[in-house]
Amino acid sequence: MTKYSALLFISGLVFLLMVITGLLPMGHTPMLVGNAILEGAKDQVGAANVVTSVVLGYRGLDTLGELSILFAAASVVGLVLTKSSFNKHASNNDDKHDHHDSGFVAVNAIDLIFPLLLVVGMYIITHGHLTPGGGFQGGVVLAVAFSMLVIVRPRRVSINHGMVSIIESFAGVSFIVIGVVALFKGQSFLQPLLGHGEFASLWSAGTLPLLYLAVGLKVGAELAGLLLALNTDEVAS
Amino acid sequence: MTFLDHLFIVVFISLIAISALRNLRIVDKLAPVLYGLILIMLVRMSSVAYGGDVYLSSVSLDLLDFKMHWQFTALSWYFAIITVVAALASAVFMSGDWGRQYREQGGNYGMLQLALIVNVFSMILLLGSGDLLSLFIGWEFVSWASFLMMVLSPTKLAKKSAVKYIVYAMTGAMALMVAIVMIYSVNNSLEFKQIGEVFTQMSTSSQLALVLLFFVAFAIKMGLLPFHLWQAIAYAETPGPGAAFLGAISSRMGMFTIVLVIVQFIGLGGLKQLGISFVNMQTLLAWVAALTTIIPTYIALQQHDAKRLLAWHGVGQGGYMLLGIIMFDSIGSAGGLMHVLNHASYQAALFMTVVAVMYRTGTSDLNKLGGLVTQMPLTFLVMLIGIIGLAGLPPMNGFVSKWLVYRSLLVNGQPLLFVAAVLGTLGTILSVYKLIHNTFLGQLRLEHQNVREVPWSMLVPMLGLSIIVFITGFMPGLILPWIASVQESVGLPVIAHHLGGIEYAKGGLDMIWVSGILFYGFGVGALIFYFLGGKSKRVHQYDNYAGGHFLTSDVRYHYSNNFYPGLMHLIGGWYRGSFKWLENSIVSVVSFFSIFFENIYRAKQPVMLLLIGVVLALFALYRNLGVGA
Amino acid sequence: MNSFFTIEGILYFGAISLSIIGLFGLLVSKNLFRMLLSLVLFEAGANLVLVLSGFIRNGIAPIFLDGNSGAVMNDPVPQALVLTAIVIGVGVQALALSLIFRVKKHYGSMDMRTIRSKLEREIATQAGVTPPGSNEAPAPVKLVKGEAHE
Amino acid sequence: MIWVVAVVVFIMLAAALAVLFLPNMIAAVVASAVVSLSLTVIFAIVKAPDVAMTEAAIGAGLSSLILAIGLKRLGYWKTDSIDKVKAGERHD
Amino acid sequence: MNSLVLLVVLPLFAAFIIPVVAKFSPKLSLFTGPVVLCINLLLIMSAWIKVGSGSEAIFLGGFLPPVGIVFYIDHFSLLFSGLIAGMVLIVWPWDAKESRLYSLYMLLSAASFGLVLSADLFNLYVFYELLAVATYGIIAASPISKVPNSSATAASLRYLFISSAGSVMLLLGIAIIYTLTGTLNIAHLATMTTSLDGFAGLSAFALIAIGAGVKAEMFPVNSWVAEVYGTIPRQLSALLAGLVSKLAVILIIRMLLMVFQQQAAFDLLLVVGMLGVISGEMVAWRAKDMIRMLSFSSIAQLGLIFIAFSIAGSKGLWIGMALMLHHLLVKGGLFLMADRFAGHMGKLKGLAKHSPMAAAVFLVFVLSLLGVPPFPGFWIKLLLILNLAEQGGGLYHVAIATILLATVIETAYIFKFVRILYQKADADSTPINKNYSSSYTFAKLFALILLVSMLFVSPISNHLKDIANHSASPHIYINKILPTKQLGDRS
């Protein structure tokens, strides 16, 4: 029954959305803000990758908000999964997963690519203002790299939770501090500081690489914490 | 500061004083004094009731762009004086022994006093309202003040009926609100005179809606059909003198607003133009009034609790008032208006007698009383006067107002309504006889052997009220000038009056003559009786027999249970509580929809609701706007 | 009305269909985990719509390279927005998963409907009232004789 | 070009439907990874390299990892055939 | 003025450092949040004075709009910022075991400040999501003692599903608006309303309204309300019902007032508002316990607020704002004291005798809720109804009838409850929760504010009217945010 009524309304929605789409200027959007940014990004921010200019410059607050969301999600996951007062009666045998190492292939492959992943991650983060990619993507790579180490060898390798939370705090705080420094200089929050440097070189775009570094660290720490929290048995922690 | 301001200030100070001192004994003495003071102030304002100028208040509140002001017209004054006299009588009644007993039984006496003054305060505020907003505020105040008084009774039924009352009252208030909004939306003004102006500008359907909304609001307060269900139980369950006060005047605030709004501003022409052929708004309202006189009266007949019986009568008598005023002629409207005062006086007196009986015997169940006349003769006298008034027999005041109403109905060519009114009176006579018979006549019950007359603190207000009942019946000319100036102020034809009654081309009424002849007749009868050598013999109360069997003094005989069995059977046949059925069906409809909505809220998958909401919203926009952009 | 048989037309169609499939999955699946997967699809579709809002036919990626100074670039703003939206999405996903773990542990079930009725019962018990009847067939309304006629 | 887009969109939608209707949860998660990968391709086609990278890293990588952890902890980590699903544990 | 961005940044900062601080000194981490909120209150007060009757715009990152994100500051946003700080302080979880909960509360307040201040559509979305995520977490992590923890988790999960779906709708709406206009700045959008008045533009509004409506307890998407409020502590319900729902409303009305001043949009809000009012009151009528009653009454009140906002222009904002503040006081107060009325209604007999003060406070709240003169609720309802009548049009008249009908139903169920309170206690009555918690004190404070505001109806309403006149004017908004229009105006 639900299926059919759902189908009915869904088809209605499809029709209406298609009508709306038909009214949209597909492929030739007005781009008022977009063009303004494309024109001004070189001088105002100085990053070759305009998306980075937008993410960290024009819409830096969005990025801060997004980091906060990740932080909130990680906090909640931590809160929810590490509650000691648990109702045991409904616990399921399926949940018990072994603490043995994964197989030979996995362990060695991870060992092999771990440094590679680190390098790639750092590269993506530091070149975020020049090429596609940046703090988020690099941070994810870092997080995956570290958490893989733990996941394949749950008993032998462990990441210090305290360390993770200090890194994430530190990264978040430094993002804010970079923003607030501008405030103290009488400018606006998150206003790009430092010189723009030589366009399209590593040391360009003012504070943007620093911000991206903070983002990368934050995302990496956040996601690593998240993955580990999801993966650990709450009984253990 | 005008005199009206002083009145408001005095009432307000009384409110503060009584609420501050309500838990001290001094309030017993203080409250009657304060009501007396208010009464004196009203008397000093009486010029308005003899054609003088309207009293205006210098206070006008500017709240949120609305200007509120207050005034006292002849109409306000007339209702106010009834209110204050009823409050004074109630306050005196409860100040002495009754209050002591009430306290001992665990009642919250202070709250009762507070509720009384709150009621008086809010009624004066309502009566003094000078525009629609102050009217609405006063209206709400009166509703909540009555609610406050009703909830004081500790019984479960009382609280239930009070809640029922407040739901009805809220419905009425909301109807009034809609009506006010309709008027406001035309000219953005809340003055009273806007009602008339706006009414003429409106379309017929809006006019009809406006009149019906006003009428619903006022009818709920009046307890007119079909909104009468809340009133009787709620009033009957109110503790003692509170019931007397509420029964006397509270629901008449509906009458006040009907006169103020419907009679004054919409008028006969307005009502008559709404309708098809011979059925117009006037006849509709008249028939509502007529049915209100009949049905509640016969429900009263079925009651076996004295307070309920009286309270149901209170509902029924409201019908006469509306029936009179809706005729829009001089005598009819005078009868309707006068009936307010008359009803207030004897209703308060009757409630007080019942409370007095309860005070001594502890019950108001008509099946458990009887023969109290020997023990409480003065109370009996008051009740006798009261029921004569209630039944509308000469020489009491109820006769005058009912006569005026009947007369008006006949003159206006409404024989069917006349018959209905007479039917109502018939039921009244039957049931008041039941009341007095079951309470005071017959043989005294064993358990009431030691019952004594009630103390003077209770007797004085009862006797005072019964004197009013008699005097205003004997000399209606005392009241009629007030009525005349009310009629003048609301634009009705004015009644021609003198001390004994009215002058009317098609046959006037002079109560001094009527009463004179009545007493003369009694006197002549007595003389004939004694001259023909009539001998009287005092018979003891127990010295009677039934069906040929002499009764011994240890078997008390009093025929009270299952009074009027044949008539009851007859009534039961056609009256099966259809209004109760109506009320229940409204509740079931609400219940149905609430279950429906509850099931929506219990959706298994709430996202479905999101989807439906989005699709419907988009579809509505699609329908409205098309895709022409 | 535009034609749908262009690159952006097909992409819009794909984006909307993806969202709709996600929404449909959210509606019809009883399993919490599959609902989560559907939610991910739903979000992905919306992200695609957002990216397409900055799509210019024949535009190039908004990165200043040496050779592309004159070319028309795609709008960078929606891309930045989608970047944000994707990260938000994964955060919510992880959060939802952790909640699912807890719910599974407590109720021993992954069925949304079972959980709803159990939850309803728990709320009712906590509030001290009788649990409501089933959604399909409401519990018969008990009319106490006296109550109905008062 | 338009046919490439059409094919990718088709794959994406097919995979999305598979997410809903595959009885095996592992397969469903894999299908959702396929959706993410197709999205990556689409993002690359519409010249949004940053988004494409993010989608690849987060959508196809991290998200799948999270879901895989979920599979494991919720007890869906089994490659049973449809028969068993029908026999008792319906996941749908 | 630039420093006002600290309203958002400081709580975020605190949220980030709280976990680290807690490792060294749990006591310190407990006080970090309140201290930050107090600083925020001071900031708000100084800004209130500085802004005067005007308004200010903060250009974040120094980028002139519309390319950058803008915070718009006027008395309206400052008023609600102050309320956020105050309300979070009132419900601060002093006895929480986990420092991460403090972080979540800080994130919640940061998101709330952002929602009130921001003038950028996508930035609003981000803050909305942050608010949502923080709310899920707080709900899931704040069980009441009696309930097993996990029912709050289940409620939170169900809430998460519908709320996330709503967010996606919101995102779709934003995407449509961006595709049509190429901008996200609300002031900039306000200059090009003509390109948004077609079906596509309005459907974007519908998507935004219903998407954000999930949090705002809008009619079809509010089935989470009873589940969530039934499983979380009452203080938290006070926060969610009193404040968080209003923030989502603010998101919707920002779009409505600045961009979509069109009859179709008003009608949409009017219809969902009416359905919300009537359905909320009707379900509350059947409720058998206080929390459920309050939850659905809250839905009805939010419906009333939507009806108010369907009045065009500053009048709608004026009345809507008054309704929001009134509802914050009343429902917040009722939820704060709801612990004293826990359990089945039938078992609360004799409570009035036992704690007359609580019953009196309760009465004050409900009388104002019903709109009984002279309580502030009456004036607001009166204004609402008279202004609806001025609008003309059949739908507005239906709305009046709906509101009044709902009031009658509301009276019925509230006084059914009051009657029970004032009945004699019997053997069935539960022993009353006697411990005087701090939240009860705050409830009394709310009642006091309500009573005091009764005396100052006119000045308060005039003040609100001034604020509304200022805030509802797109001209002031545009002139402040886009001092020089650098970009082509398509309209």
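Letters are used for the chains, namely A, B, C, D and E, taken in the order the chains are written, and counting of residues starts over at 1 for each.
Simple rule for what comes next: a residue touches a chain if its C-beta (ideal position, glycine included) is under 8 Å from a C-beta of that chain, and two chains touch if they have at least 3 such contacts.
Not measured: the values here are computed from a predicted model.
Peer 1: Under the document's definition of touching, what chains do chain A and chain B have as common neighbours?
Peer 2: C, E
Peer 1: Please name the chain that ends up farthest from chain A once chain centres are defined by their CA atoms averaged.
Peer 2: Most distant chain from chain A: B.
Peer 1: Compared with chain C, which chain's mean CA position is the farthest off?
Peer 2: So the farthest one, by centre of C-alpha atoms, is B.
Peer 1: Given the two chain pairs B-C and C-E, which is bridged by the higher number of C-beta pairs in contact?
Peer 2: More contacting C-beta pairs are found at C-E.
Peer 1: Point out which chain occupies the most central position, where each centre is the mean of Cα atoms.
Peer 2: Smallest centre-to-centre distance to the global C-alpha mean: chain E.
Peer 1: Measuring centre to centre with CA averages, how many angstrom lie between chain D and chain E?
Peer 2: 38
Peer 1: Using mean C-alpha positions as chain centres, tell me how far chain C is from chain D in Å, no decimals.
Peer 2: Averaging C-alpha atoms per chain gives centres 16 Å apart.
Peer 1: Averaging over Cα atoms per chain, report the distance between chain A and chain C in Å.
Peer 2: 20
Peer 1: Which residues belonging to chain B are in contact with no fewer than two other chains?
Peer 2: 160, 591, 595, 598, 602, 604-605, 607-608, 611-612, 614, 618, 622, 627, 629
Peer 1: For chain C, what residues touch not just one other chain but two or more?
Peer 2: 1, 6-7, 13, 17, 19, 23-24, 26-28, 47, 52-55, 61-63, 75, 77-81, 83-84, 87-88, 91-92, 94-95, 97, 99-102, 104-107, 112, 116, 120
Peer 1: At least two other chains touched by the same residue of chain A: list those residues.
Peer 2: Expected reply: 2, 6, 10, 13, 16, 19-20, 22-24, 29, 31, 33-34, 37, 49, 51, 58-59, 62, 65-66, 69, 72-73, 76, 80, 86-87, 92, 95, 132, 136, 226, 230.
Peer 1: Write out all the pairs of touching chains, ordered by chain label.
Peer 2: A-B, A-C, A-D, A-E, B-C, B-E, C-D, C-E
Peer 1: Can you tell me which positions in chain A touch chain C when the two form their complex?
Peer 2: On the chain A side, the touching residues are 2-3, 6-7, 10, 13-14, 17-18, 21-24, 26-29, 31, 33-34, 37-38, 41-42, 48-51, 53-55, 58-59, 62-63, 65-66, 69-70, 72-74, 76-77, 80-81, 86-87, 90-92, 95, 131-132, 136, 199-200, 219, 226, 229-230.
Peer 1: Would you tell me which residues of chain D are touching chain C in their complex?
Peer 2: The contact residues of chain D facing chain C are 1-2, 5-6, 9, 12-13, 16-17, 19-20, 25, 28-29, 32, 35-36, 39, 42-43, 45-51, 54-55, 58-59, 62-63, 66-67, 69-71, 73-74, 76, 91-92.
Peer 1: Which residues of chain E touch chain C once you look at their complex with the stated criterion?
Peer 2: 122, 126, 129, 133, 136-137, 140, 144, 146-151, 153-158, 160-161, 164-165, 168, 171-172, 174-176, 178-179, 182, 184, 226-227, 230-231, 288-289, 291-292, 342-344, 347, 430
Peer 1: Under the touch definition given earlier, write down the residues of chain E that touch chain A in their complex.
Peer 2: Going by the criterion above, the answer is residues 2-3, 5-6, 8-9, 12-13, 15-17, 19-20, 23, 58-63, 66-69, 98, 100-101, 103-104, 107, 110-111, 114, 118, 122-123, 126-127, 129-130, 133-134, 136-137, 140-141, 148-150, 153, 176, 178-185, 188, 198-200, 203, 486-488, 490.
Peer 1: Looking at the complex, which residues from chain A come into contact with chain E?
Peer 2: Per the touch definition, chain A meets chain E at residues 16, 19-20, 23-25, 29-34, 36-37, 40, 44, 57-62, 64-66, 68-69, 71-73, 75-76, 78-80, 83, 85-87, 162, 165-166, 168-170, 172-173, 176, 179-180, 182-183, 186-192.
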